[in-house]
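The structures come next, written out as structure tokens.
Each of the two complexes below includes chain A, the first together with chain B, the second together with chain C.
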Partner chain A sequence: MSLAARAGGWQQQRARAYRRGLAPSLAVLLLITLVPAAALLVASFTPLTLTDPAASFRFDDPLVNYRQLLHDERFIASIVVQLKLSASSVLLQLLTGLGLALLLDGRSRLLAGARTAFLIPMVLPPIVVALIWKILYTPDVSPLHRLLEAAGWPVRSLIANPDTALWAIAAADTWQWFPFTMLMVLAALQTIPDEPLEAARLDGANRWQLFRHIVLAYIRPVLVVCGLFRLIDSFKAFPLIYVLTNGGPGNVSEVTNFYGFIQAFNFSYWGYASAIATVMLAGVFFLSWLVGRLGWSDHGVR
Partner chain B sequence: MNHKLKRRELLKTAAALGSAAALPRTASAQGAKPYTGVTLNVSTFSAAYPRLLQQWLPEFEAATGARVNFDAPSFPVYNQRADLELSTRGSAYDVVNVTYIYTSRWINSGWLTPLDDYLKNPALTPADFDLQDFLPGARAPETGRDGKLYGIPWTAEVLLQGSSRFDLVQKAGLAFPDTTDDLVKVLQAVNKKERVAGFVADNHYGWTFVPYLHAFGGDVFRKAPDDIFPTLDTPEAIAAGEYYARLIREFGPDGGVTYQPDQVTQALKSGRVNFADAGQLYLAQLGDAATSKTINTVKFGAVPKGPAGRFPGTAVHALGIPAGSKNKEAAWAFIRWALSKQTTQRAVAAGYGSPARRSDILSAEFRKKQVINGSDLGQLALDSIEQAAKTGHMKYRTVAVYPQVDQQLNKAIELVVTGQLSAKQAFQNAQAGSIADLKRAGIRL
Partner chain C sequence: MAFDDFTLDAHGLPAASTADTGTPRRRARPWLVRHAREIAVLLLLLLLLSPFLWLVQLAFRPAADIFEDRLLFVPTLEGFASLLQGNFLKSFGNSLLVSTLSTGLSLLIGVPAAYALTRWDFKGRRHVALWILVTRMAPPIAFTIPFFLAWQYLGLQDTVIGLAIVYLTFNLAIVIWLMQTFFEAVPASLEEAAWIDGCGVWQGFWRIALPLTAPGLAATAVLCFIFSWNDFFYALILTRTNAITAPVAIVNFLQYEGWEWTKIAASGTLVMLPVVGFTVLVRKYLVRGLTAGGLKD
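Here is the complex of A and B:
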């Protein structure tokens, strides 16, 4: 009894020590993460505008911004654009990254060199990537357009065409971020043991069957994590849109993030922009939860 | 050679003497450095005049003892940064550029310091600063509703029309277009000749399109600044939008709707596009022998007149002091130095092409430099500024909510050019959007 009591006391002491040790980190985390998020939420309940901050930081109608969002056609259109861009670019990144990882998974020097070269887009600053693609998409100066013209397949400006502008951005985003998936999948491929592959080969499995039933099973959780990371990040798309299309032509490439930026930085509607950001935050949480619930990873089973 | 050297030295000495005279009088009179220990944070957007000031800063610092941090990012970045900083009444900046499109918003929100007391104080402002020398049309937008002055203009920019390959127009037996109808005739004759596209414009259409809106008898507001009910869905506005979108769609280069100011200038300098409307600062670059391939074929004119007349766009940028600055007197000393007659004359001598002082615009040195391939950009600019002062058609631009309407116009033209909407639909949408924006800004219509 006394031993058990002592053991309980020791455990309590240990838990207290853990809490004390964690407290500084938690305080810092609270300060740098939750306080700004709370400030955002609070601002979203006000009609705050910087042209008259004293008079507009009030809470007499806290849902005014959210009500307005429901009737804001440009905001609703921006969500549709956002979903199109996120879905297409994440899917392309996963497919390209996975495909290249499978091709480059080997031990030769050539493959190692290729792996390094393919990582370059990911380490470039986003604004540099945007400028590279601005040049590529400007017919007058673009080597891509000149090449296509010389080959007899002239292509009109992709970013000036409302039918292609968004897909042009998705292509540039894919170029920048497929290396992330490639890198993660390459790392996952290293962890696959040889035994099941050899056993399957002995049983007569072809390459597709090996991939479908063994390799994919091993790398699936990694692909889900990559998809989730890229999906969350895709909601933050900004430099490419700012430099390539400025949300246009018209509003065809105006994603929610960009619309929020315009409301805050061009028009000074900080309350409204905060409401847009809060809705985005809720959307990202919901999508992340949905991806987890779809059972594409093993976490649910375990 | 020796003679040339002597002449150059003489010019240098004269310039140095001029700058010394421009330096704050308190400094030279007291023989001390009155602002020793003061750090001034100056911010403007990147442009020719600020670049010259940055070169000459050491002279101001040596004479006053102040240290100056001069930041000049690109135009949109500067505006966003300054708008945010001024709105918080922060003290990060001591001198800012008062951007034309934001003048009413910044001045009438009380974000800037009135300069009248500094101007009236002879201890702080010598008589030869001569405020009246700044064009009245340039001072007007810097004046608040209270009648006080909040900015000293450093540029009075005018939207003019340039033809980089006027030789093609001459070959077609046509003259420089005077009217909107002439412009279409000329473009039909020269478009795609020698692989040169006919027309392009900076896609900031809230600036480049408005002279056409006015020319067709339309306007942005009913009667700015007193009646700011938007008038973007009038038959005149729709006709202007249809006309203008046609210029870009039918005669523009591939991707013309994405062109920004520097791209327009490059397209003109390399002769890839023939006609464009641009500020004279940009057009003057076509006279740069080192970089312009079209220096011998270029011609300039006023923006075309339409059924209602000719309405050239003008823009004024000024230096002002934020309300939150903690070094206002030193900031004023900086502005006084930066825009003294001596400094502006020196800038003109160094090739600056858009001064706001009448004495500079009328000086022989300026006029000589502004004549490019026989076209007198200086005269065209002066005529346009005087006309804008007479008609008052630029008042729309200093309305506090214009940034919102400006964007509605940008989108409307893009939608028409790319065929997403008809001019009527696009301009009706822009009208509805503008009204909603104005109501949201708390304006009763």
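Here is the complex of A and C:
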């Protein structure tokens, strides 16, 4: 009896100790994530601007910003640009990453070294990646343009041309992020058991069939999660666009994130920009929920 | 257990079957095909890393030589020397300071929380974990607008402290997420034994769990440092002159100081140096951190 009571007391004592350890983090997270998110939502219902600070707490027409969004052609266009950029670069990343992972899956020193070297684009500061591609797209100093010129095939700068600017950014984005897919697929390849491969090989399957029916089946979930992760992250793409094209020429490379940035920090329409950010946040929540539904988010929670 | 490379060998086959014959999949291939693969890897390495190498060589080129086609040149440090004169060193120092500060803060607050989340099964644990994951996903613009307005009001705009606090929005999530996986690897029975000997929960954490996860802790710290170091968006908006960080200083070179390519390339090379160095040092854990949340292991 008294032993059980003491054990219960110890349990409570432990729970109290754990709560003390967890509390500071939760308090800080509350303060720096939930409170700003709530503030953002509140601001999105007001016409808050720099020129009219008194409007900050006016809620007489809370949906004005959202209504305006529906008729804002620049906003709609930015979503289309975002979708084009995200779809093309995520698809290219998946293909490049998958191809390289298959190529690098083996045990030699060269392959191990290459696996590390190919990580470089992903860990570089994004601003340095932007710088690298700025150099590559500037005819004066670009090895690419020099080669083309030497071959008698001079081209205009790809980022100054409205037809190619967005695809130039997609290429740079693909370069930066293919290592992510490569890493994930490499890890997934390790989990494939040998038996089905051996059995299929004995049955006379060729390499394409092995890949198509066995390897791909094992790594498909990882590819889906990779795609979703990269899709979510692609909404944040900023340094590349800021440095390479600044949203231009015209608005052809202006993604939603960038448009929100301009509304907030160039025009100081904070209420309106908050509405844009809220819409983006909702989109990210939806995609995160999708990742969670696929059962991959409970990493470390069983 | 520490910093060996991440050849995934650990999961592999028993040593006897791999040591001299290679994996079964490779054994089936003829000699020539195997070497074709190595050649392809080398060519791809050269092709895919050439943009990066071009930046580095540009940093060492004499300024007069920059528009020349020659690949060979006498390297100089002019570009780096010109950085010493301006404000670049100060922004480099700011970057170091803000990254260190934010890393320290997030470890201090986040590590105990990660420990509690690993060892304590309470209701709502899943929700807490999910919330932490979502903070990693949220677009920075959603946080910058409220922070920008609040920091103006609180006088934290353009201060190192203010920026370090904002970096907690992503660093805290990384610490809690990653350290959980490291604490899980420590058997709970060790701490239970300590409790029987009269240790409190946090004494057990401090004397047993924490020392055993030291390599993981170091790797987590490195990741936090890199993520803070790499940030551009928050620093662009929340700093002006005093607390300006190195990535923002590079952009200022691009926009306001003409096109001194040697200087620009030198600054880019300096800024990526710590990151590339760390990558080589802790690649195994880096890989775990970069894929955190995406892989079940």
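By definition in this document, the second predicted complex is superposed on the first by the 250 of 302 C-alpha atoms of A that agree within 3 Å, B and C clash if a C-alpha of one lies under 4 Å from a C-alpha of the other, contacts with A are read in each partner's own complex, and residues count from 1 in each chain.
Methods note: contacts are C-beta pairs under 8 Å (C-beta built on N, C-alpha and C of every residue); 3 or more make two chains touch, one makes a residue touch a chain.
Quantities reported herein were computed from a predicted structural model and do not represent experimental measurements.
Q: Once chain A of both complexes is superposed, is A:S157 in touch with chain B (first), chain C (second), both, or neither?
A: first
Q: Which partner chains sit in contact with A:F267 here, chain B, chain C, both or neither? Use first/second/both/neither.
A: first
Q: Please work out whether A:G248 is in contact with chain B alone, chain C alone, both, or neither, and reply first, second, both or neither.
A: In the superposed model, A:G248 contacts chain B only, not chain C.
Q: Now for A:A77: first (chain B), second (chain C), both, or neither, which partner does it touch?
A: neither
Q: May I ask you to decide whether A:F285 touches chain B, chain C, both, or neither, giving the answer as first, second, both or neither?
A: second
Q: See if chain A has more residues touched by chain B or by chain C, and give me that chain.
A: C
Q: Classify the contacts of A:L102 with the two partner chains as first (chain B alone), second (chain C alone), both, or neither.
A: neither
Q: If you stack the two complexes on chain A, which partner ends up touching A:A205: first (chain B), second (chain C), both, or neither?
A: neither
Q: So, does A:P139 touch the first partner chain B, the second partner chain C, both, or neither?
A: A:P139 sits against chain B, while chain C stays out of touch.
Q: Per the contact definition in the header, classify A:V64: touching chain B only (first), chain C only (second), both, or neither.
A: neither
Q: Based on the A-chain superposition described above, do chain B and chain C contact any of the same residues on chain A, and if so which?
A: Comparing the two interfaces on chain A, one with chain B and one with chain C, the shared residues are 140, 265.
Q: Per the contact definition, I'd like the list of chain A residues that touch chain C in the complex.
A: 10, 13-15, 17-22, 24-26, 28-29, 32-33, 35-37, 39-40, 43, 100, 103-104, 106-108, 110-112, 114-128, 131-136, 140-141, 143, 146, 150, 175, 180, 183-184, 186-188, 190-191, 194, 197-198, 201, 222, 225-226, 229, 232-233, 235-236, 238-239, 242-243, 257, 260-261, 264-265, 270, 273-274, 276-278, 280-281, 284-285, 287-288, 292, 296-301
Q: Quick check on the complex: what are the chain A residues that touch chain B?
A: Per the stated touch rule, the residues are 49-53, 137-140, 145, 156-157, 159-162, 245-246, 248-252, 262, 265-269.
Q: Can you tell me which positions in chain C touch chain A when the two form their complex?
A: Residues of chain C touching chain A: 5-9, 11-13, 18, 22-26, 28, 37-38, 40-42, 44-45, 48-52, 54-55, 58, 66-67, 69, 109-110, 112-113, 115-120, 122, 125-126, 128-135, 137-150, 165-166, 168-169, 172, 176-177, 180-181, 184, 195, 200-202, 205, 226, 229-230, 232-233, 236-237, 247, 250-251, 254, 259, 261, 264-265, 268, 271-272, 275-276, 278-280, 283, 286-287, 290-297.
Q: Can you name the residues of chain B that touch chain A in the complex?
A: 80, 83-84, 87-88, 105, 109, 203, 253-258, 263, 267, 272, 400, 403-404, 407, 410-411, 414-415, 417-421, 437, 440-442
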